[in-house]
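Two complexes come next, and they have one chain in common, subunit A, joined by subunit B in the first and subunit C in the second.
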Partner chain A sequence: MIGLHFWRVMWGITHRELLRFLKQKERFVSALVRPLIWLFVFAAGFRAALGLAIIPPYETYILYEVYIAPGLIGMIQLFNGMQSSLSMVYDREMGSMRILMVCPLPRWFLLVCKLMAGTVVSILQVYVFLVIAWFYDIQAPEIGYLLIFPALLLSGLMLGALGLLLSSFIKQLENFAGVMNFVIFPMFFMSTALYPLWKIKESSLLLYNLALYNPFSQAVELIRFAWYGQFNPHAFIYTLVAFIIFMFTAILGYNPSKGMMMRKGGR
Partner chain B sequence: MKQWFLHLGLLLLSMSVVNAETVFVTLEKDNALAIVDPIKGELLKTVTIGQRPRGIILSADNKHLFVATSDDDTIKIIDSETLKEVGELPSGEDPETFALSPTGDRLYVSNEDDNLVTVIDVVAKKVIKLIKVGVEPEGIAVSPDNNWAVSASETTNMIHWINTKTLEIVENTLVDPRPRAAHFTADSQQLWVTSEIAGTLMILDVATKKIIKNISLAIQGVSRDKILPVGVVIDKQGRYGYVAMGSANRVAVINAKTFEVEKFLLVGQRVWNLAFSPDQKRLYTTNGMSNDMSIIDLASHKVTKSIGVGRFPWGIVAKP
Partner chain C sequence: MKTALTIENVSFAYGKKKALDDVSFSINTGECTLLLGPNGAGKSTLFSLITRLYDSREGHINLCGFDIKTQSRQALMRLGVVFQQTTLDIDLTVLQNLRYHAALHGMSRKQANLRIQEELERLTMYERRFEKVRQLNGGHKRRVEIARALLHKPALLLLDEPTVGLDVPSRQSIVEHLHQLSKDNQLAILWASHLMDEIYSEDRLLVLHQGQIKAQGSVNEVLDGTQSQNISDAFHQLTQQRVST
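On to the complex of A and B.
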């Protein structure tokens, strides 16, 4: 019976998030337009920029747009994770979170549900992106389209947990611009999404180290390898550990007796 | 039961024979021959072979490799199993490219510095004739019906048509600047010739010896000076032709029926020469500047792998 309760809440939150996403057509379009502009415009200008080295999981020379495609998948999930956190702040301001929080289930479970819902939405976006990329001649082995799913699930959860953690710090919706500038942009640009590590190392050792330890880099590499039918254990463990840390801290952050909400006046 | 095992054993044996394939790549700077397993995508070994090896051809019975070691001024005969040298052919000075007659008994060699084509009897290991051609002969091919040998002169910008019976030049065709390589279609009706300076592929009609189509090989986003077509091959079914685009680092896929360029496939740096797998399911390229070879799957027209082989890979041939 308890299990049914849990399931009902999980389904309810996921369903609400999916409906919200699908009904907001502008959000659906803009979630896709962003990576597609990067793909069709930005990557087109750098077609021959990568130079020589063949790096795993690739077994031959690739165009730049092939290289950045996994980074753009990561971008979709990164923005989605942050967007979910934005919706948490919105829910808190509008009062709908209180309705959710009075649900007689553990708070951590409600947060996990919220996180899962956001991740499902991001995976949906990614698969639409993959279909478009396929027609743009960015194709991976067939098996990769199946194997990318668990990678997307983990990376989506990790980035979503980061979003949740951030949302526990933000008191008002207006503060989200700061998240954009201080979290999303640095995370995206200081990662392997746009350039491989060896290329970053050529220009700056500091940037190389930042990119190396950036959890977003590891999520992108996990996705990149999985898409090409390979498993990257280092990226997997790094992403998993990052997820656990972010999630645990977010749960703490949302605990009214201990967390940030308390310090911010308990709203 | 015993018979069943015997059948299974024979089946497995035949499968392993079918799958076995070896690719040989000459390494101009390493003075060596790289031996590659293209199915596993691995470099098996490298053997020293002679000074500046370039052109490479497999004998008609697949037992020997002919390798032009340019700085030794000879064509070496190598046993394709043991990789031991078993003889030499008198190629003349600085041999680079050569072609084997379909019967496997004659070799036509371009002697770039002497403006000659040397015709060699492979069995007797003797020169049959020296044919004077234009300045800097490079590309050379023999028609599958064994009626024509053609030599492309890089500086004279000409295709010289040599009658294989009389070993005389019977006609010359003026082509675009710096013709580099030539290849006949399997039906011997057409000759495809690449022009390095014009960046074109010319289709010549063998009957009239005239250019019937001139295809510009421009690639969007790649500067014109990098478009340097070199090696050209055409599949046996006459469906597609493939051109190595030199410093453009791509292989052009050309529909042999419509003469449309369908695709450019990204490979290593300065792609030079091309060879089909014996079953023509794959195409192999030598990438001179990136020191590797690329494998192209011809069913999907995708580059599946690039394998490091050694310094300055030049010629390539696949043995079943």
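On to the complex of A and C.
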């Protein structure tokens, strides 16, 4: 009976998140426009400037658009993870987070549900992006479209957990703009989303190290390999460990007796 | 008559600032208890502790025999809350909002539909179930929130100034409805308010000031205790402030 309750809560939260997402059409459009501009404009312009060697998982020389596509998928999930946390800060300001918090189930489970719901929304966006990319001649083996799903699930959960963690620190919505500048952009630019590691190493060893240890890089590599039908164990373990650490800290943040809610004095 | 809520020696501080100081009281089923107190008296902190947004380090909170800290699931199952701010999703319909709440309480779709119909009909809102919350006025939004708080048949209903910002007719109808609910359903209500006309003569009163309970009991007991003619004078005497009429 209690298992059924858990399931209904998970479904209820996911269903609400999907409904909200579908009602906010501008959010759906902007979630897609952002990576598409990068793909159609930035990558097309950069194609001539950047020569790429053959690196796994690719077996031949590839166009820059092909290289950048997994990074843009990561970008969709990164923005979505942060947007979900934005919605949590908003929810908390508006009080609907309190409705969730008085639900008679363990708080960690409610946060996992919230995270899962956000990830499902991000995966939906990614698949729409993959369809557009297909027509733009960025195509991977068919099996990759299936194998990318678990990779997206893990990377989405990891980035969502990071957003969740940040949301437990942020008291007000206005502070979120700072997170955009101090978290999203550095994470995206200091990663393998736009350039391969060896290319970064050529220009700066410091940047190379930052990109190497950036969990977003590992999420992008996990996605890149999975999309081409391959498994990258290092990226998988790194992303999984990052998820566990972020999630655990976020749960502490929302714990009524230990968390940041307490220190903030709450609302 | 059973005890729905027991607060025992609860204290709470934000850093060094004490928000609640050794607060104790209890509420029985079928009783409507008005919690009066000026701004900063500790009402919101008390509500945050009962809803377990914060944990109390000192004292105990017991809901229908379940400790809120150690048996939070059983305790929260018996609690319905209407917060001061609207907590409905304005882009979703009334029905979608209520179904979401029903899911959070583990109800099946069939059970949820039945309860939603019952509660909305009681508040004459059933016809409007397919409307987006955005289209409702303040009074109707409040009715939906009250219906939502009652969906899972709680034993205790917490109301944090639920009539703030409403026009007089909407306010009167909600106040009347809530008092009736308490009587008919043997529901215990704890209602933070600062409006005199929300108090009925059969209500119980709790006056909170600077984190301490200054008076508690029936309306007559509080009046006798302070030797006042009306609640406004009693409140003034206890807190040196006036309540709105």
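By definition in this document, the second predicted complex is superposed on the first by the 263 of 267 C-alpha atoms of A that agree within 3 Å, B and C clash if a C-alpha of one lies under 4 Å from a C-alpha of the other, contacts with A are read in each partner's own complex, and residues count from 1 in each chain.
The criterion applied here is as follows: a contact is a pair of C-beta atoms (placed from the backbone, for glycine too) under 8 Å apart; a residue touches a chain by one contact, two chains touch by 3 or more.
As the structure is a prediction and not an experimental result, all values here were calculated from the model.
Peer 1: After aligning the two structures on subunit A, examine subunit B and subunit C and state clash or fit.
Peer 2: fit
Peer 1: Return, as a multiple of 10 degrees, the angle whose vertex is the Cα centre of subunit A and whose sides reach the Cα centres of subunit B and subunit C.
Peer 2: About 160 degrees, rounded to the nearest 10.
Peer 1: Report for A:5: first if it touches subunit B alone, second if subunit C alone, otherwise both or neither.
Peer 2: second
Peer 1: Once the shared chain is lined up, is A:26 touching subunit B (first), subunit C (second), both, or neither of them?
Peer 2: Touch partners of A:26: none, neither subunit B nor subunit C.
Peer 1: Of the two partners subunit B and subunit C, indicate the one touching more residues belonging to subunit A.
Peer 2: C
Peer 1: Per the contact definition in the header, classify A:142: touching subunit B only (first), subunit C only (second), both, or neither.
Peer 2: In the superposed model, A:142 contacts neither subunit B nor subunit C.
Peer 1: Who does A:105 touch here: subunit B (first), subunit C (second), both, or neither?
Peer 2: Touch status of A:105: second partner only.
Peer 1: For the overlay built on chain A, what is the smallest gap between any CA atom of subunit B and any CA atom of subunit C, in Å?
Peer 2: It comes out at 47 Å between the closest C-alpha atoms.
Peer 1: Looking at subunit A, which of its residues have contacts with both subunit B and subunit C?
Peer 2: None.
Peer 1: What part of subunit B is in contact with subunit A in the complex they form?
Peer 2: 41, 221-222, 249, 266-269, 290, 294-295, 302-306
Peer 1: Going by the contact rule at the top, pick out the subunit C residues touching subunit A in the complex.
Peer 2: Residues in contact with subunit A: 14, 48, 51-55, 57, 72-77, 79, 81, 83-89, 91-92, 96, 99-108.
Peer 1: Where on subunit A does subunit C make contact in their complex?
Peer 2: Residues 4-5, 8-9, 11-13, 15-16, 19-20, 23-24, 94-96, 98-106, 256-257, 261-262, 265-266 of subunit A touch subunit C in their complex.
Peer 1: Give every residue of subunit A touching subunit B within the complex, in rising order.
Peer 2: 44, 47-48, 52, 54, 59-63, 139
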